[in-house]
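Next up is a structure, given as structure tokens.
Naming follows writing order (A, B, C and D), and every chain is counted from residue 1.
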Amino acid sequence: EAPQTAAAPTGTAGQQIVQTPTGTAGPTCTLSQFGGEKFDLKSATVGFSQSEKEANPFRIAETKSIKDEAAKLGIANLKVTNAQSQFSKQITDVQQLIAQGAKLLVIAPLNSDGWEPVLQQAASKKVPIITVDRKINAKACTDYLTFIGSDFYEQGKRAADKMIEALGGKGKVAILLGAPGNNVTTERTNGFKDRLKEKAPGVTISFEQTGEFAREKGQQVTEQLIQSNPDINGIYAENDEMALGAVTALKGAGKQPGDIKIVSIDGTRSAVQAIVDGWLHSVIESNPRFGPLAFETAKKFLDGEGIADKVIISDREYDQANAKDSLGEAY
Amino acid sequence: MKRTEAVLEARGITKRFPGVVALDDVHLALGAGEVHALVGENGAGKSTLIKVLTGVYQPDEGDLTYDGAAVGFDTPLDAQKVGISTIYQEVNLVPMMSVARNLLLGREPRGRLGVIDTARLYGEARGILREYGIDTDVRRPLRSLGVGAQQMVALARAVSVDAKVVIMDEPTSSLEPREVETLFGVIGRLREAGIAVIYVSHRLDELYRVCDTVTVLRDGRVAHTGPLAGLDRLKLISLMLGRDLAEVKSSGLTRFNRDHDRVGGAPVVEARGLTRRHVLTDVTISVRPGEVVGLGGLLGAGRTETAKAIVGALPLDGGRVLVAGQPLPTGRTVAAIRAGVSMLPEDRKAEGIIPGLSVRDNIALAALPALARAGVVSDARIDRVVEIFMKRLRIKAASPYQAVSELSGGNQQKVLLARWLAVRPKVLLLDEPTRGIDVGAKAEVQALIDELAEEGLGVLLISSDLEELVEGADRILVLREGTVVGELSGDDVTEEKIMAAIAERADD
Amino acid sequence: MNREQLGRLLQHHGAMMVLGMLVVVGTLGFDSFATPDNAASIVVSSSFLAVVAIGTTFVIISGGIDLSVGSLFVLGGVLAAFGSQYGFAVALLLPLAVCGLVGLVQGLIIARTGLAPFIVTLAGLLGVRGMMLTISNEGATTYLVKNPAFAALGQGEILGLTYPVYLTIALALAAMVLLQRTGFGQNVYAIGGNEQAAALMGVPVARTKIYVYLMSGLLAGLAGALNAARLSSGVTILGIGMELDAIAAVVIGGTLLTGGAGGVTGTVAGVLLLGVIQSLINQVGNLTSSIQQVVSGAFLALVVVAQRLLSKAQR
Amino acid sequence: MTRWIRDYGVYAAVLALLVFNVLFTPHFLDVANFRTQLVQVTPIVIVSLGMALVIGTKGIDLSVGSVMALAAALTALYLGYGAAVAIVVALIGGAVAGAAGGVLVSYVGIQPIVATLALLVGVRGLANVLVPQLVEFRNPDLIALGSNALFGVPLIVIIAAVLTLLLAFLVRRTTFGRQVVAIGGNRAASELSGLPVKRVLVLVYVISGVLAALAGVLATARLQASDPTSLGMFIELSAITAVVVGGTPLSGGRIRVASTVMGALLMQLLSATLIKHNLPQSWTQMVQAVIILAAVYLTRERGKR
């Protein structure tokens, strides 16, 4: 595990970079192992199942990246569905994509568990599935092809590192949790807590309430929090929206930038701007631009190359040092 | 007639509602084969007693014996199970369910596997209804029947079970004469079979025709109980009203005095050729100031529809209404009311009172715009109007702020009259203004109608009570199947002639 | 008479007709719409909502409403997955017992205190989701279905359709018989049509209501359990807004929200209609999520308005 | 006594919760804390006022949350023309959405819950079509509206208070208010009494829409961002709860304005208490369920069996 602090190489404008280069780590999967047949990506029906409304920067960037890349590659028949945050609907969406003859599926799962029916159907038709952003709890290469995305647990740990750094190893921290029942929430929380326990017992968590990944909720919870716990030193927000809501709350309470250290995850433009303005201490990136990597993986797979069981991207982080310069690359 | 031990007996029943003692130490004994009249003014406690007898209410004090044993019914179902069958005052069936399912609810014929056998369900229902002279498609929803037919279904439902006691709370208030005869036939048969009947009605003629004994309730207490034969009619009324016999005698039975000498001038409202498919055909009616025009006919003849059409509450296929020569826009109640035409609806509960509001708010409702300044209500003005009408109509209420739903039927009716008088109409359409209200209140309402006509108000009076119609109206139009089939005026206004007018065409 | 029949036909089978129309449109417009796979996906995914909506149909006909079914659905799933580690019977019975109990309690409160069903089941919606979060460690734990027999209950197939589909059909038929051909069904219609009258006619109003909410709870729990079997896990993020889908399906199916009229056939058609609309949107395959929402809302309004106008025209 | 509980139960419950917090919640007595609670409850109060009116007619308005979102979207779109213009457009949007619901309910005759359910889905979609994602703004006027105070009382709280008084006046003292209650009590009778039933109904839904839109504008001003995706999500349930807990029956025919505000405050204090004591979400929801039931049970209509 290597903490990544590198800013993106110039010229790639926020492109994802792979942390574990394909072929070096873990078992790989080839077309013959998978059992499928080669087909021409350009003329095939490709399905993309988005999980949530394209209403936040992450999802917008994610869907756009897939569509743009498909267009760039000349994939004429890209079918996009959106489950509107309803898991049952996503299952049905994917099944209907399969029924429409999709030869390749790119899925941004709403949830890691519960994919049994889809996986069975895809496996029987030998449709390779690439899941992006979130994992599916199943066997790579048999049930699905591979996973491309960040390591949420790792993000939580890195956020903890940043928090420890900001507080100098001592202080009281509040957590703005994501939506309950979400794998992302769970992993980002666990990573954060484990790391604190391990590295900085002096930092205690005195408050954790859900902000449901939404700005307004983040604002409201923070308002209550700073009222009843005025001695709080840091806030860990599990996404940028809640962090920005917290900033509004702090402003409203007459706090100055930096009074309370805020660390969050995602790397949206507004959040990076807030670092520049001094309100956020740092942001761990979670890069949504899966298009190029997903289709590159698919092409390699179809060309017979071995594909790793997971493709973990290296997320950057933003802080005072690089925020201003990286503003253009944030999504 | 055999009189044996009481089948059903109530002793010392007391029932209190917030603010009222509805029943106070009431005794009632009912023998097998006895038809027992239960009478009293509106609000005397008749319906409450019935509800106590049948498990709808629990008495605060007192006890019941049934078949010689002490009983207590927690629900109406308990009472029904042991053989007490009841027709409650309001038509109490389920409008959206079919006639057959209403009729046999709770005892549907079962087929194999204990599942309802629909063929038999419909067959049995048809059979039962035919006995009561109703020939209708039993699969139709009940609400598609007229009120009278619905009442007959309720009757058939109550009587067709194996009951030892049948209780009827004002069963005839919405029946037409022929149906009333059928009902009396049924009661006769029940008596033969040794079944006890409690019969509530405000129509004294009926009581004398079918009842053996009578219990008079007044203000929740038993004022008299004993055989009906030999009890003078005026005496009975004085018992109900709690007034001297002499006083009752002097005021007479109906309060109408017909000769409205100030009738005259151009019609204040004129309806021409009102037509609505299947309901009304070319109905033309006019009412002059100070005139009481009666509208006669059997149930379902289209009288209510005519009145509704005039005030714009019924969409029409043809015809128009003129007020003082000016045509009214069709289908707009607001316009009719503004022009001075108001209607007192037939169904007090469903279309009249606003139960949650006070007497005061109910009276002021229609006149609100007139009683307000720039949309802001003026309490002073409302108080004045409410006071005037409560006094004039002798509305009995604890205060203007009492909820109207707590008033007895007669007083509710007066509140509604007050609502309409408060908008100062030129014409009032009264649809069954005295239905279900007691002799005392009835006389008051009738006197009021008279008085209003004297003052120059035009009145259209719809009533199924022929006596009332004859005594009250200057001129009578007879409707049948939505068409005017006769007009009577002057000396022709008699019950016989009305009957003849209805019958003449019926025999075609 | 003829018009009356026509009106009744439209009220009862309007959803069925619109469904037919949409299927024709879909078949003509999209090659991949009328394929067995796509049809199966619609039917299979609709079956769970259908089971829930059958319960909702009873509740609505009785003049009530049940907002707790979405929460009971997810609770049922979590309990089933949790119970599956103790065997098939526990996996199936635990959710039924708990969800049935919740339904029973709601029914008792509604029937005995006269509180508005809307509010009681709204409290249920919150409370049950809270229970689910407690069991699943604030939603962090997803129990996996360990019992293969139980998983097969949700995944096994006959003729390309999974068991839950057949179970749903059986339940719908049973519900139809229950509603039309038993005393209980008659009582449900009666209390929905006129509660006071029903009481006076000797209908056990309280008991009927209690059964209705009990049934709704049981069916929601069963649907959740079946879904967990299908997904092989007790997913904790399900069921949000499902009560509204169920109500929409019931209403589209011609059941009056005021109670006293309606039926199961319409509900099933309503559920399928929602499924077909979703599928058509997916067939287009390029609508943005917000446009999808506008289309769904507009369609719901359209169906209800059309139904209303047609049934008005009959009079 | 029972009557007293029915009429003033909400006040007692709010008081009880206040006492609990004063005793057990640190820093509860700070002025800033009360400001926070009032500011947070404002949108719910404003929405509840409209909801109370709708419920008074025996209706229900599920679309309020989506209308808030629509208002947020419109505000963002028209902010370029100045805050005043944006607000007016947003309120007009709310009025139009409300009118759509009102027309469906009164003229077409669709049950309120269905009509407004369709709007709930459709209007939120529309708001998202107009503004697909959260938009931050820097308009000083709008930000001032959300954060400024007058004599220490936040502007938006003053606005909510004034609206409460206005609505109480409307309900108690105007012809319109009486007509609303009468229609809820008995629609057929109101029609025959010559009340402009359909017009009143449309107006009621329009008022609800405008109030929801205003709530949306204020929430947007406070958030300093327009967020049509999640703004007002599920607020209809909170508002209905506030109204019912305040003793306005869902069966219509009665409206209690002051108690509705108390109902909203009760729910706000409750959630604040649970958050401040850092209880997990699961607890929060279960406690809320119990309190709602208890409150509604105590304030229920009695005498009817």
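As a working rule, a residue touches a chain if its C-beta (ideal position, glycine included) is under 8 Å from a C-beta of that chain, and two chains touch if they have at least 3 such contacts.
Note that the structure is predicted; figures quoted are calculated from it, not measured.
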item: Shared chain contacts [subunit C and subunit D, defined touch]; value: A, B
item: Shared chain contacts [subunit A and subunit B, defined touch]; value: C, D
item: Farthest chain relative to subunit D (centres taken as mean CA coordinates); value: B
item: Interface ranked first by C-beta contact pairs; value: C-D
item: For subunit B paired with subunit D, centre-to-centre distance based on mean C-alpha positions, whole Å; value: 44
item: Subunit A and subunit D, separation of their C-alpha mean positions in angstrom; value: 35
item: Set of subunit C residues in contact with two or more other chains; value: 133, 138, 288-290, 292-293
item: Per-residue multi-chain contacts in subunit D, two or more chains; value: 128, 132, 281
item: Sites on subunit B at which at least two other chains make contact; value: none
item: Pairs of chains satisfying the touch condition; value: A-C, A-D, B-C, B-D, C-D
item: Residues of subunit C that touch subunit A when the two form their complex; value: 32, 35, 37-38, 40-42, 44-45, 48, 133, 136, 138-140, 142, 144, 151, 155, 227, 230-233, 235-238, 240-241, 275, 278-279, 282-283, 285-286, 288-290, 292-293
item: Residue numbers on subunit D that touch subunit B, as the complex places them; value: 173-176, 178-179, 181-182, 184-186, 188-196, 253-254, 303
item: Partner subunit A, residues of subunit D touching it in the complex; value: 25-28, 30, 32-33, 36, 39-40, 128, 132-134, 136, 147, 219, 222-225, 227-231, 272, 275-276, 278, 281
item: Residues of subunit A defined as touching subunit C within the complex; value: 50, 53-55, 78-82, 84-89, 91-93, 95-101, 110-117, 120, 137, 179-182, 185-186, 189
item: Residues of subunit C defined as touching subunit B within the complex; value: 177, 180-183, 186-187, 189-190, 193-194, 196-204, 260-261
